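As structure tokens, the structure follows; a few thoughts come after it.
For clarity, chains are labelled A, B, C and D in written order, and residue numbers in each chain start from 1.
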């Protein structure tokens, strides 16, 4: 059965209406990226604070290069690339597309500046709108699939842009604020903690059917689960403070061996962006430095910290299959499934049985990262609305803290 | 049901006979370690060629410290430790036992020398024989469990000793030989390659019942498998040469992203210990440098190489569950299951569902290493006879090449 | 004898006229800094391409901090620092002034941006003009000395700003140009090479008497020189190409041991910014990429390269005493003494006999850098007019190439 | 005037007697090396504790390779090298002789072991005695010069062997002792401190005339000195404790910039091998750990520490010219000139005016190290008797502490 995109479902079989819907969705996603960058100065958009971080202006250009390289150059007749050198500068990791600027050196490139990048974006947008209007019907299905991928890709970079700029600004002792982040004010009402019982047995996880999903969510496949309990809400800052207070960062028995080595090598004693100000802890956020709110979900912890916390609490992290089954079958009784933090699972990021990446450079999108990373599930306050879903597999190395990782506990049903 | 050790099974309920059996097994394992070290000079036994490698004399001392620390000191009344400083020098990674000499600096410790270590071993052996003879019956069961663990631990270090000394000698341009390794001459007869069909369904893997197993092999638990095919024999050097000849080390599309970075950072172009001598390839072995034998299983490849080879061959690596089920259900039709090389699987090393490490320092044995490692199954030519089993989980980081890793291919049943 | 500044000499004893002269000189120096930064975008001014390089906007702020910290805060009553946090951000290396932002992280600070820094400069300028006008006569002499130091300090940073931005822009594969650098077009007429004979004997070097000099140029002292010959002009790119063509970068016998190690570790095969474009060599300059002009003095070589070149040519580098005596006694027969490149000498940078740094934080200006650096003499095309003099001691580590180092040869008189 | 060696001077023109004298001197030097190594086990002789340190057995082999490579192979007809691979293993840094084993990996080479090296030494000794007896008279002068160089070279390695083994043993928490070092018991009687006045003027330093000297001590040349005062004895441990107690390691104003960076990066708070045991300080020596003796000269300080101490004391370090003139002209009033510690000078290690290294590989002996090193003068307790002299230039990088560096103060005559 052919998979249908969200817009096809909306637009039905009316191809003209479908194209209009894509054009509108394209504009909306692209505009949102620019809105996220708008509070940032040219200087803010230039800095790369560590190799994992990319400058804001790089994000803005790279997502445009994706459309230019995978859609406009091969499919829009007469399209002239904005600048032939941009392929080198703004390719992220597509080895088969050609050589590229080294990732840790993205912050060394002052030009093109933000105005040139705005022009680049406009040039690509113009081309994309032309392509959407003028492509003949025959290849349209394949193009729509690529456009949908490009927009989901750009949404991923919208989240990365915010993750990255928080890290950039955190390197400045002046504590400069980004401004008011998307996702709105946090809700300080702490949901009650319940332990939700999920039955075991043979289940299916992964994406199938209509609607967009990344290749790593497929194929849908059978897994065997034993019964388990899942916490109805996330671990809070207040609970995490108890872990800190109980010497959680000083007890090797709580930690994986590599986690313990990292704790000591990097002198971890709290989540990233936390600072002990004497009377209490504060945290650096996109809105500047703020006191810790004990009712909020803890964020910016690594897998190692999540795992150590769970051991300290006498629980464990859920597997990704457990998380997905619970989120599918018991969504109504689980709080904070998405919209607060990504939730570390106990599952290393590997291919699903039968996984086949697409042919060509697009096949590099996900599969080649399947080593030394852990899966996170859910979605964060900075994840664009509508981007994530129950089958979504986010992934980061187990020591990563600049991503918005938090903790939901599980335990075996006895 | 209480688990029984191999010797209990043999010795039945006759505790005196059981003790004699343990004393004999203890002597045999300890003597084998000394036999493995015997061809090595004091200088050979002192060198540490990289942080992952330990000096031979350190291995000889550390396995003795294990018995001294976990059995003699707590359980043999009147036992006097050979040297109170040895706890610091020869603790490997037991954080909860106390501070220890840093691993990368093991090669800086010239004293105690090999003669002092021989005296240390004799002192511990004397204590252990006394303990086996004189321990009262009440704690005997618990002691026997620890003795069995200590002997299996020493067998693991027998293999490490050989792995490590091969690396040490390989750093010497004179190509010095260790001598005749255990496991005897290799058999150059190449078994035919068959693809063995294994049915899917709900199965169980992991250890249960009588006989020794490490904690990481438990608990036995249910897994769901889809039907698959497994190669009846290992990938050979000749087959691997075809991968090299087809630019396997130059094609990023074959590699995981971190693997590709390693290929380039470390200039990999063949398995570890291989050298291109112009007319052909040679390999450095415990017996010195030798021409490549195309019929032999390829060894000393990393997970990344095994994975890239499989992708090049249009196949994949088996998961550890697939390997174990095949090795259990179809052992008679599979060649080279053990005794040649450890076989990389597609499975990251994680806890089995319901896994609980033992309390105390012994709990650090396995569980804390469950991140950023991959599982290998089978057994190598240098693995002590009788040490491995179908449920055995060996593990190394995906870039490790000094362990004896090889390749068995799998593919989905269509 | 009290030392007199240049302006005192001009202005004589008329203190009011002297103050006007200082005010004018202050404005001129400050305006020149801004003129140098003017062609650079906010993005250009933010990047730090290696730890030795500082962002343009940091240079603009740091030189202002120097005036604020050493003149305005202690001496202008009622002065309010522009921002109390700037002391932390813009202190370069004055340990005794307090903690400071780590040098390699200067490129991580996006705020204050260039507009805020322009306001900071205006605020300091306003204060300085007020101080020059209103300071009472009693401390005026001491203040004038500090103002003169501050202006010479800013001139040094004018040169650093250009050195650094060249390095920043060179990291961009687009070869972006700074624009038209100061110093004007280079003169391609190659002066004839003469060997100027300088007699030996007891001489004096170092600064004494009227006019500004840095502390490291004092005290003037006696040195014994043997007679020697000095090249009347600099080594050219054409001559250096012959060294490259004669395998100069492949012959260990030409190099100091540490230089040879650097050649191999960093794969040096030509001066910094040179590139072999196949048919010929090009060089990246402030005006963009250009073909090598064989008549121009070679620039952006390290001491190691200068020393190796001299050995290859059968000559040697002059000592700093030789250079200074020649430049003083034979200036009229020596070409390119200043205004082209700084000239590496054979002299490590050490204190002159009897050297005493000033008390307080200003004493950190020069003395503490007197280890592992070599002295360069002369002046470069990007050195502000009037900044250098015959006694001027520039210094950089022997492997530094981003400074404008070139080569003048010497040899013993036979 | 032809330079005469020590033995020529003794033996006069009787060539046969001269050869016997050389043979005897050769035996004596070679036997002393073996005597120094005798207390060390095979394990001790194998370890390399840092890249600057070489294993004892490497020293024993390298000095033999020097004779084999520079004397036996070119000059003893029929000589067969002991093992052709040894040239690769035991070449230290002679680039023009060919490729060599990397220095930081000397500790990875377990074979040849100490017995094979003893055979190698005997083989070379046999050849050398044959060469001394049988070389024809014509080349004898040149050969004698090389033999003398080889013996002085071996004496340098005798000192290095002791320096290095102290460092090796210091890495062992068991504090193992080498045994009784040469140089005998230290004398705890503290000489009175006098300030010896040395007049200024035109002097000559460097070696000329008869007797052996290294090339870097030549040519003898004129220098101008201002009058100065030199301390009649070395700085003691007791005096250095006062520097530590006065926060000497915490005050940046006392340190060169690179020295201060090293203090902080390596957490220096006392000389190398010192340890604060609570009630007092102890020091690790070749005889094991001992309490600090306040009357003994401080040793194992770097140039940076010597320089900081001098600044703290309101004095300075002497230049090497000052030291040599004082040691020549005022030897009778200066204590501890040699035989205790090498004395850091304020002089970077550079070529003397007119310095010409010999042609060929021997020319690599000294000259190529003339960058980023400081000169030490005098001689240490572990320096072989008769090895050093007033013109002798020892040199180490300014942060080196494993060499036996100490402090003699100077100051300007007012």
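Heads up, the rule we're going with is that a residue touches a chain if its C-beta (ideal position, glycine included) is under 8 Å from a C-beta of that chain, and two chains touch if they have at least 3 such contacts.
From a predicted model like this one, the values you see are computed outputs, not experimental measurements.
Steps from subunit B to subunit C, minimised over paths through touching chains, total 2.
Mean C-alpha positions place subunit A and subunit B at a centre distance of 38 Å.
If each chain is reduced to the centroid of its CA atoms, subunit A and subunit C end up 47 Å from each other. Subunit D has its Cα centroid 60 Å from the Cα centroid of subunit A. The full set of touching chain pairs reads A-B, A-C, B-D, C-D.
Contacts from subunit D toward subunit C in the complex involve residues 93, 95-96, 202, 221-224, 226, 252-253, 255-260, 303-304, 346-348, 350-351, 353-354, 363-364, 368-372, 398, 412. Those residues of subunit C that touch subunit A in the shared complex are 41-47, 49, 57, 85, 88-89, 101, 105, 107-114, 168-169, 171-174, 176.
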